[in-house]
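Each structure below is given as structure tokens.
What follows is a pair of complexes built around subunit A, which joins subunit B in one and subunit C in the other.
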Partner chain A sequence: MSDFKYGDETISSREIMIALPAVTIGVGILSLPREIALLTVGADGWIALLVAGIMITVITWMTSKLAASYPGETFLSYSSKLVTKPVSILFSLILVMQSLLLSAYVIRVIAEIAKAYLFDRTPLEVISLTFLLVVVYAVSGSRAGLFRLNMLFFPIIVLITFILSLFSFGWFEMDNLFPIFETGVRDQIKATEISGLAFVGFNILFFYITLVKDTKKVPKASVHGMLMVIGLYLLIFFVNLGVFGNAVTGNLVYPLIELAKEIEIPGGFFERFDSFFFVIWIMAIFNTTAMSVDVSIYALQPFTKLKKQTLLFCMAPLIYIIGMVPEGSIEVAKLGTFIGYFGIISSSGITLILFTISKIRRGRKKEHAAK
Partner chain B sequence: MGRNFFRRRKLKQESAEGEDFSTEIGVDLEKNLQDLQTMIGSPEDLVIHRLNLGFNVKAAVAFISGLSNKEAIHNDLIKNLLRNREKEAGSDTPDELIKQLKLDLISIGSVEQTNSLDKLTIDLLSGKSVVYVEGTAEALLMGTEKWETRSIDEPISESLIRGPREGFVENLQTNMMLIRRHIRDPNLRFDTSEVGRRSKKKLVVCYVDGIVNPDMVKEVDRRLSSIDMDSAMESGYIEQWIEDSYLSPFPQMDNTERPDKVASAVLQGKVSILLDGSPFALIAPITIANAFKSPEDYYDRWLIGTFLRVIRYIGAFITMFLPALYIALVSYHQGMIPSQLAFSIAATREGVPFPAFVEALIMGLTMELLREAGARLPRTIGQTIGIVGGLVIGEAAVSAGIVSPIMVIVVALTAVASFTIPLYSVAISFRLLRFGFMFAAAVLGLYGIVLVYIMINIHIVNLKSMGVPYSTPFAPSFIKDWKDLVLRGPIPMMNERPRNLKPKDTTSGNLRR
Partner chain C sequence: MQLNKKVLVFLISSTIFLAGCWDRVDIEERGFIVGTAIDLVNQEKENEYEVMMTNQFVIPSGIGTLMQGGGGQAFMNVSEKGTSVFRTNRKFSRINSQEPFYQHLKVLVVSEEVLIQPHLFSNMMDFFIRDHALRRSIRLLVAHEDAKEILNSTPENTDVPAMYLDDLMENVDRNTNTIKPIHIGEIQELILNQQSYVLPVVRKVGSMAEYGNVVVMDGESNQMVGSLNEDETSGLGFINGHTEGGVLEVQVDESPLAVEITKINQKMKITNTQKNNVEVEISILIDGNIAEYFGVESVLDEKFLEKAEASTEKKVKELTAKTIKKVQQELNTDVLGVSKNLYQFHYDFWQEVKEDWENGENYFSSADIKINSEVKIDRVGSADRIKMKEE
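For the complex of A and B:
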């Protein structure tokens, strides 16, 4: 059925545009306002957040430009053209590891938060396991289906964020945002670094752009996707700081969820909006996990020659075990920071290396052609 | 399932094996009549009239009495045969005679010539009458079908406040007529085929050539040609044979009794399947959004149509989530309920010995029992059972302390909400899924509910109907189609056919003219 291609395994640039924020927005932003607030004075952290976001957006643009300039080629094939086969294998294994660690971390964090906000008696392991099983169910379906799930869930996430911000207005105090521009440069840089960690996830671009038909629109689409993330993060940050002020935000474990606890939804249907908010946010976290697991499966497939499902059933226990290793929330947080640094440094590094080499190659080719 | 699609249809009549008669028509009239009687077992309703066409040319007319129009056979067929006997029978050979008769008997309607006993028998059994002439191996088949049918009635399963009152009946010809009366386009196509090894029922694929995507028709035809079963009693058989996934709780085809719904569907670029003997037409492809659309949305003004749709979406959510939410809130997240309400719920649940899940399950099952009983009983008693039974059981259960009054509200609201969904088969799926949500809520509270919700979404994005993803036009998103989704745009603005069906002709109107 040639005319119903949109039902097949290809994706459009619009789906990439939604997939990026869907992957990036997950557990990171739940605690990000605290981490920024600890380092900065007043609401100064927005500068750090914006700078980090723009830097990541530029790198995202490079990544998608790079992948889009080799339409229809897999990461392995175009990167081995640029940096020999062994190096490209190393690169893709690093990217796979990043996704695997990210998904392991996320299934652990979701259990930690669920324990804090939803139930106290249900064991961590059960919460993580059920979540992972749903992720496995999603990944074992079609890849295009995952992108459709992003499209279905992302608007809900945006909507719930807007609702939260809207109802926070009653608690918003301008004074909480002051003083401005008091933070030292050193702290700002540190805050920028921390903010960058919340943008982990754009490594999916290396692999998924292969599936896109209209590659020319992809760089623009991915920039738009990243801008959505920055916009949403800034909104959340300001609302958080405006409602709680710097000192309180710095002491809350998950300021975003606490925000939902603080506000009151008119009508009195919910005594506590935080549980409800977190339940909706699970969809965002689900998107992050499902995409990360899928991208690692997708990237690993060429090495193993296994069927997607088989590989998935091999990887799932591994992810689960990694997720269960850290003991206590401090170790989990450490794992999160590690994954953040590892993810941002490795994906940015790989992008920069490949992008530079491809630019030089292209330049040389042009010179040759000119001669 | 996939393998069945490629299985070839068996063409040979298996009943013919082992009995001593030829499957060809011979020249001997008596032998032919004998063969016919042997073939169908000489039933009582087989009528055979022997005639003399003059000059000792013998002939016979055979028909099944209940399926044929006796008046036409007597007045037109037999009288014509006898009137012409002087003119023709003398000179010609029997072969030429039968050709001449074919031209003379035009007043009957359709006239066909055949020499195959198989075809002759099937046609005879579908109401045609047969004319044999001694000395020729050809027979004539006359279109004299007529049988008792139900008259056109208001569709019972889909009643509207505003809209045409006609519904399909069991007669295929009438149903085709009903569609034709809505669309007078010469491109309206009715592709006829036969279905069922033994039933040989007529099946019609209806679409508008030039609007529908040809691939869609090809796909439907490919799936239909794979059907191999004894008989299709109802269009539901066809639906279940050609659907994409038999494991899904969701129907992948729409069924309707309303000709106007079929007409608007084929004008959008969909394909409809009609089966003789079934008042339910199938429409494919459908998406999840179709579950919330009713013809009435378009008949009332757009604001009303939109409002009704929003109500239906809310209804679907209540149907699926409300009992589960009750369970989750009462047994896990008491803190989420406003304290006043929490106190009153706790007070009413004071004497209830069961956990919330068991309570909800009891009431949920009772509701389903009542509904099923109401559907089975004769209509007049059914209503009594529904209302009185519901009230009595609800009231008595509360005062006996088995369930809490708030549970009765939850169940009643769920029941009412489930009736708002226009597509009955989807409404049943939602009611079924509700139990899944209840289990999840009992085990993992709100967290379980959202996980099941995610799983249903995963299922929907992977499901297809005739190759069209079930989640279209939400995702893959066709933003132009969104003006007829939750919103129902004003009629002059809906001047494009749904893009997700990839119609050949995309515009259906022009606002600027």
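For the complex of A and C:
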């Protein structure tokens, strides 16, 4: 392994930039246009989406700034400097839990969707398990390799989104975007809150920035990463609204999948665009799951002193069981909402606490130095 | 060797997941459904109806190949009765050994009797919108008589009626009274928006089907309230863009002239928003060619073209006036798209009047709708005159 050129477990800031959208974009956006459209009038929801995105981007910047100011140190080590050791362990476990729950939720949703649209009779449990096994296989390999897999898949995901938008043009009606600016402030705030949930996943920054050699560019890179997410989300939202209109978008379970089903590219082979879209989107969901499983393994390792693979084989059944707990699509959706809130509140909270303390400490140090 | 054993155990156990495929269905065992018809059988109770569903299955051997013609009929129509679409669909399995496969469903024909009942149409559509296997691009047609008869129309040059109907709807730009086909995805939008709409009609003529004209549906009960004839449908097409083209026959100095429409653009503007005096201005821009002329004037003459344009403009105004009169006075349903425009650009005003638009105070009927039409004739064909003036 050691003579393998890219075998060293370090990554560049560019890989952080891609990892962020790779983790964030997954199952959330499939149903997000519905949730926003239900609360807003016309296409007003873009404001909520943008505001939520920018807020999360600011938090992301703080997270990466914080982690980057302790180059080479793990989350446990730098956070115990700021808050005490027990608190930092608690924080660490909260962040791990978040990733574990997210991966459990995602393997469940992908199975639900695949069952509904692709495999009518295959049991849900089997689809989930198959998917999880692939994820486990990917995670048990090199971590840097996983990042490179992100780099490989992400452009394809962006490309398919652009192709989808391009071919939706024939169905796009400008009229559907009107009326504009008619949504009440309270609904906008509620929509902002819901949109925020689709941005869960940036907690990976707490741990992965340790692997980056040159941390100077990391904050900027992670902001860029988040901006990519906002851009893609806005594009998907507008195309959905333009093609279906507010009322229909608000009443489709997965508007993005229906969009892929709606468009037909003439010429036989690509006529069934939805199957093509599924393949690519499963790659996006695979990235989300693989990264969040990996980050939880990475964060848990210092506590257990187990080998990575051993730990992974212990955690995988746990993820699988959590994923299989909810019964029916309503409970799955509830789990999703819970993970969204839990993820956004805990990651943002931890970032704000650590960032503020570190700023105060630095300020004091400077004062000392000045004296 | 220890490791190899582990690998071996893993590989053997993995065959459990590789051995079978739950969702495999051989193509021979699939019954491809390309068309479905819904007819009303009878009303059992209030809000409970018995409908008859007719599915059209393709028989691949009947279609044959390009080199070798098929033998026998290329399709099979099977009917079943029931109250819900889904259950009725399942009933087909009792008589048909093939597994019904809906992903290639192209045409859905609904009989007028279904549309006349309140809410029945929207109830019938639910399955077609909800089911994952069905595509949103299935096209919908209304049959004046039996819907299942429409699925029997096979002109000599076609094999499968549903495919024939589907192709027929591609010809929308040839006549002004054929509207753009409406697909199931749009139906969801129309029903959800609770605004009145029109659906295209298909009629059986001998062994053929004729596509054209529309029926008018009330937006709230999704119930049919009437239908428009050829002229009224053309007028509607000019107003809200349902039509993509067609031919207008006008008179220029007593000689008939046929104008082929190549492009229609329309713009609706609401100029006054007072409850009892809503003023709507619709401008229709038409580009056309001279396709046929029975007279003797030179069609290259600028004055002649001006006259031709003026009489075409008059014709458009006549057609649209008929439509407006019918939908305002007789049917009292806003299929012109005024309510949509109000919702989009006068949202606050719309919130005030939406309850009393088609019902109650009936602001729609009293709205003043003006039409401005502007016609431009670009081309005159390859000949100027084919006969000279009689001296």
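Heads up, the rule we're going with is that the second predicted complex is superposed on the first by the 362 of 371 C-alpha atoms of A that agree within 3 Å, B and C clash if a C-alpha of one lies under 4 Å from a C-alpha of the other, contacts with A are read in each partner's own complex, and residues count from 1 in each chain.
Following the convention adopted for this analysis, a residue touches a chain if its C-beta (ideal position, glycine included) is under 8 Å from a C-beta of that chain, and two chains touch if they have at least 3 such contacts.
The structure displayed is predicted, hence computed values, not measured ones.
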Checklist entry - Where does A:Ala138 make contact in the superposed view: on subunit B (first), on subunit C (second), on both, or on neither? => result first
Next on the checklist: Contacts for A:Phe276 in the overlay, against subunit B (first) and subunit C (second): which applies, first, second, both or neither?
Outcome noted: first
Checklist entry - After lining up the shared chain so the two structures overlap, which partner does A:Ala114 touch, if you call subunit B first and subunit C second: first, second, both or neither? => result first
Item to check | Which superposed partner A:Gly363 touches (first subunit B, second subunit C, both, neither) | outcome: neither
Checklist entry - Is it subunit B or subunit C that touches the larger share of residues in subunit A? => result B
Checklist entry - A:Pro302 contacts which: subunit B (first), subunit C (second), both, neither? => result neither
Checklist entry - A:Thr122 contacts which: subunit B (first), subunit C (second), both, neither? => result both
Next on the checklist: Taking the superposition on A as described, I'd like to know which of subunit B and subunit C A:Arg148 touches: first, second, both or neither.
Outcome noted: first
Item to check | Which of subunit B and subunit C A:Pro317 touches, first, second, both or neither | outcome: neither
Checklist entry - Who does A:Thr130 touch here: subunit B (first), subunit C (second), both, or neither? => result both
Checklist entry - For subunit A, which residues lie in the overlap of the subunit B contacts and the subunit C contacts? => result 118-119, 122, 126, 130
Checklist entry - Across the complex, what residues on subunit A touch subunit C? => result 41-42, 116-123, 126, 129-130, 175, 178-179, 182, 244-245, 247-248, 251, 258, 261-262, 264
Checklist outcome for this item: Contacts from subunit C onto subunit A in the complex sit at residues 17, 21-23, 132, 135-137, 185, 188-189, 192-193, 340, 343-345, 347-348
Item to check | Residues on subunit B engaged by subunit A in the complex (per definition of touch) | outcome: 213, 215-216, 218-219, 332-333, 335-339, 342, 444-451, 454-455, 457-458, 461-462, 464, 467-469, 471-472, 474-477, 500, 502
Checklist outcome for this item: Residue set of subunit A touching subunit B in the complex reads 1-4, 6-7, 12, 14-15, 114, 118-119, 122, 126-127, 130-131, 134, 137-138, 141-142, 144-153, 268-272, 275-276, 279-280, 282-283, 286
